[in-house]
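For clarity, chains are labelled A, B, C and D in written order, and residue numbers in each chain start from 1.
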Amino acid sequence: MLSYLLAILIIVGVYTLLTQCLNLHYGFMGLINFGVVGFFAIGAYTSALIAIAGYPILLGVLGAIVLASLSAWPLGVLATRLREDYLAIVTLGFAEVVRIVVTSESWLTNGVQGLPGIPQPFSSLGPNAQGLAFLGIVLACNLAVLALIMRLAHGPFGRLVEAIRDDEVAASALGKYPTGPRIQIFMIGAGIAGLAGALYGHYISYIVPDQFVPIVTFYVWMAMIMGGVGSLPGSFIGAAILIGLFEGTRFIDDAFPGSIGVEMASLRLVFIGLALVLFMRFRPQGIMGTRMQS
Amino acid sequence: MLTMYFNLVVNGIVLGLVIGLAALALTLVYAVARFPNAATGDMITVGAYAGIGVQVLGSRNTLLQGSAAIAACTILSMAYYWFVFRYLRGRGMVALLLTSIGLALFTRGILSFFAGHEQFVFQIPLVEPYVIYGVIIQASDLWLAVVALLSVVATFAILFLTPIGRRMRAVADNRDLARASGIRAESVMIPLWGIVGAVSAIAGIILGIKTVVMPETGWLLLLPSFTAMILGGLGSPIGAVLAGIALGVAQEVASPFVGFTYKIAVSFLVLLVLLIVRPQGLFGSLEEVR
Amino acid sequence: MTYLELRGVSAAYQDVNIVSNIDIDVDEREIVAVAGTNGAGKSTIIKTIMGLMPRCRGTMTFLGHNLFDYAAEDRVRLGISYVPQVANVFSSLTVLENLKVVEGVRDFPGRSTEIFDLFPVLAQRRRARASSLSGGERQQLALARALMSKPSLIVMDEPTAALSPALATQVFTMVRQLPDIGVAVLIVEQRARQALAVSTRGYILDSGNIVMAGPAADLLADTRMADLYLGRE
Amino acid sequence: MQKAILFSAQDVNAAGGAAGRMFEVISEDSETSPAAGFLAAKKLVEINEVRAVLGTWSSAVTLAVAPMLDSAGIIHMTNAGTSALAQANKAGLIFRFSAPSERTGVSLAQGAIAQGFKRIAIMGINNASGREVAEGARKALEAAGVEVVSEVIYQPDQPSYRSEIQQAVVGKPEVLILGSFLPDMTIIVREAIQSGANVKFMAPAWAVTPKLIEAIGPGSEGIMSADYVSAHGTPAYSAFAKRFEDAVGSDPSGNYYASCAYDMVQSLALAFEAAGGSDDNTVIANALREVSSPPGQTVSSFAEGKRLLKEGEKINYEGASGPLDFDDKGDVEALFKLSVVSNGEVQQVRVLK
């Protein structure tokens, strides 16, 4: 029981990180990133490969953050020049290319077979203690990211963004946000997603390209919308509701045994789709948010 | 050797026509509502399943199947607009896009709940191809090309030769001016979404006949169609179709050089280069002239 | 007889009032000018009348109808036509299509032929895309489209904004003729002096408020006004 | 598959349960997604406190849940074909009820050679199973000194495979070995026929099903398939098939995994019975090896085996899906048969050695 709860909380934590990444990109900067899962994949693979090669897990995690950030650089440059909806599709395509690369370059990534046996931290502790320790790490990462975003938001650049957002005249006069910091923010966000990927890989201990399909990105968007765009506590609440929806539907079947079975997957899709539509229609600001940027 | 490339070009055109039809449906919505409608893919799937439904009921008449698909998708598409998108006008691109993703998942969930995850196949006779100087042309692909062309022509006829089409283009061009000129946007939007549904239905039937019908059928077509839409210039119907074909050909002709797993990435690469070099798309667009 | 009557009208973007407490009248076959500098709120008044502003208050009647009861697309049917400042034509449509597209609005089939008689330049270019027209031609086309529905009132948003002085004079000549065919005009203009010269009455707008109103000739003669708002010749 | 498991469990319970205990089946959906599968299995283990997890078939899902089940000491019965499974089987609790994909590829190659084909091309879908089938076939052909005319790995979910087919048949092969699943195989065979490719097709049995034959029509005549010798035609299978059809309402031959799923529950129940209802899963696993392998009297249902066990006999379970003699790695000894589609039905031609 405990171990299952821990597993859910850890996955929620990973999704919270992803949602924070998106909140930084979209909620804070208005960058439409539809390639969250690409950075997630880069992080997961980088860290896993470094750790499997025998280096410390910590080094892998650092590598994941760095590589995910670096991979975001060209996209960040592009983002400063492209219309918002173009960026959406470019990032979507980027994530697909990442998936195709990890699928194809099997000398490095073991391709479609996936990477089994990714080292797990605290594996000597036994399932419950290990889960607890891992949850602690995930929590710490989330808090660190939270602190980082708060600092960015209240730093000089954050005030600039805030000022521009509130002043239409200034916005039209300046045209867009300054380029340099915009690219930096994009890279920092990508690093956060990379971190999430690393944690995810080390927890599940097996990664395969199938885990990094575009729908994951949309789930993260859903979590952000439900939690509230631009709201940091919302990131957690959104992720929790999302995973709650996934996992909660498992128990429907227990309550009415044999009634739905495999059709549950279809129903889950219906629930999620409906939730997204209803949120957008009736509560676009999410549960925690106060405003919706358009 | 040259024959091989000619064959690849033919393959690319066939593939591109399917992508182009989906891109046409996408771009029509984009022209008037200014967002990429992610529900298009699953609308295409609905079309395919509607055709299968007719087959299950006992008719193998493709015309009948197609009519059922068009009827189903037209109604569904208009319902999407009436019950959902109508209320979201002016909310911005992201809100509309996410809503359309929600509708896409919802539609697919409903479909797979009732039809299951197993494949369905249109029962059509398999016939030998025409071979012209080594270039292989399948009879079914000729039909596909004719139907695709007809639907494009029909769409154009509606847009350019009828009063309602004129009003649609006027609303797409400048919604405020259209309203202030007395054009009721609503009376334009509903038929437009109907047309979008019909085009999706035709794409669905064609895709279904060419491949197998499964709940994910249309969704998987979405990314290349998005690319084609941008490539063709957002909101440009002719551009979308031509860009679809261009993408298909580029992808297939590139495959001997990059391999079959990377060929999908080719369309993304084309897109990237184009966006940097020519952000208004290959064929210009409404954006350009506004 | 009063065609258009605005009483205490305010309009806002989000929570910021752009114009407040405006009174404006336009009578039958009258040309009324609203003059003011950039950002005074001129276009906002026009958009409010046409139903394109999301938030407005006050009372606004046209031929006795409360305009707030009518959606933007229905105000045309009451007999108001609109000539916007920029994006005043459907640029991806041809000249002919620009006219035909509004043919069904008040149902005057064949009206485009009459219009082409009034605008020979457009008749020559009827198959051309509107985007290929010059600024002056576009302005003509916009006016032509506005006349398609045989309106009683045309509201014009800075029709000469992007035009050379010579073309501007041409436009004002056209405007001056409109009352002769039974159309009243409400025109907002930065070229206040020229606009007032063709008008019967005028309003001076500053920072969203009407600061002066009266017969056009009086406003033109008022030297204080001339210094502050009309610019020196 | 789920239906077959439920059906099988009803059988066990109707026979009075195993070692006096009834089987309860709780199903979870892996969505064939590794992450979802992981959480689903975790929930089964932690919340429902199951003793065994049955019926994973996607390689990705199986590999994602295997380490977790392994460390929790849960018996894991699967149909996944991936070769990486052997590494994950540390505690000897994993049992694979079908052959590894690579072995399927080998047998396809053997079948092609046995049928006298000289020019052979290979196509495989770019996923774990497809690649392993293709690889197995290529290795076997090379070992036998037969030239592989061309080998194409293709992406899943494409609307058309014309260029891929074109590439595969460019060297005029007589037969095309397809490491495919049903949907892509359907598209490929249809497109190949329609583009006039004069070639025969050969694929794993999981892709050559009545659905495929229905989809291709008369053109499906002569398509060959290879798979693990199931007990097709044996009394064990016929009895199962008839009862399954009566109870569930569909013919199990359409679903390759139905008979495997049935056997999973039956053999597990026998092991449970033989181990006297032990609470130790390692004991059960060892018992499972014992009751499913010779020596012993051959049985093909739990009820039959239970009676013999009560009498103190040794038994050897031969199920509806095959003889099921597990080795140390949890794999069954691979014995393959070649079948061919004729008169719209898949018919066995020969057993491959």
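FYI, contacts are C-beta pairs under 8 Å (C-beta built on N, C-alpha and C of every residue); 3 or more make two chains touch, one makes a residue touch a chain.
It should be emphasised that the depicted structure is a prediction, and the values quoted were computed from it without experimental measurement.
J.: To get from subunit A to subunit C along touching chains, fewest steps?
T.: Graph distance in the chain contact network comes out at 2.
J.: State the smallest step count from subunit B to subunit D, taking one step as a move to a touching chain.
T.: 1
J.: Is the number of contacting C-beta pairs greater for B-C or for A-B?
T.: Comparing B-C with A-B, the pair joined by more C-beta contacts is A-B.
J.: State, to the nearest whole Å, the distance from the C-alpha centre of subunit B to the C-alpha centre of subunit C.
T.: Those two chain centres are 42 Å apart.
J.: Where the CA atoms of subunit A average out and where those of subunit B average out, how many Å apart are those spots?
T.: 30
J.: Measuring centre to centre with CA averages, how many angstrom lie between subunit C and subunit D?
T.: 77
J.: Using mean CA coordinates as chain centres, what's the gap between subunit A and subunit D in Å?
T.: Centres of subunit A and subunit D (C-alpha means) sit 36 Å apart.
J.: Among the residues of subunit B, pick out those that touch two or more other chains and give their numbers.
T.: Residues 261, 264.
J.: For subunit D, jot down the residues that touch at least 2 other chains.
T.: Within subunit D, residues 126, 155 contact more than one other chain.
J.: What are the residues of subunit A that contact at least two other chains?
T.: Residue numbers touching two or more other chains: 100, 103-104, 262, 265, 268.
J.: Name the touching chain pairs, please: which are they?
T.: In this structure, the chains touch in these pairs: A-B, A-D, B-C, B-D.
J.: State the interface residues of subunit A toward subunit B in the complex, per the touch definition above.
T.: Residues in contact with subunit B: 26, 32, 78, 81-86, 88-90, 92-94, 96-97, 100-101, 103-104, 214, 218, 221-222, 225, 262-263, 265-277, 279-281, 284, 292-294.
J.: Show me the residue ranges of subunit A that touch subunit D in the complex, using the header's touch definition.
T.: Counting only subunit A, the residues touching subunit D are 1-5, 7-8, 11, 100, 103-104, 111-114, 116-117, 127, 204-208, 210-211, 246-247, 250, 253-254, 257-258, 261-262, 264-265, 268.
J.: Residue numbers of subunit D touching subunit A in their complex, please.
T.: It is residues 2, 6, 26-29, 31-36, 38-40, 42-43, 45-48, 59-60, 63-64, 66-68, 71-72, 82, 84, 87-88, 126-128, 130-131, 155 of subunit D that touch subunit A.
J.: Give every residue of subunit C touching subunit B within the complex, in rising order.
T.: It is residues 50-52, 71-77, 81-82, 84, 87-93, 97, 100-106, 131, 145-146, 149 of subunit C that touch subunit B.
J.: Along subunit B, where are the residues that touch subunit C in the complex?
T.: Within the complex, subunit B contacts subunit C at residues 163, 166-167, 169-170, 172-174, 176-185, 286, 289-290.
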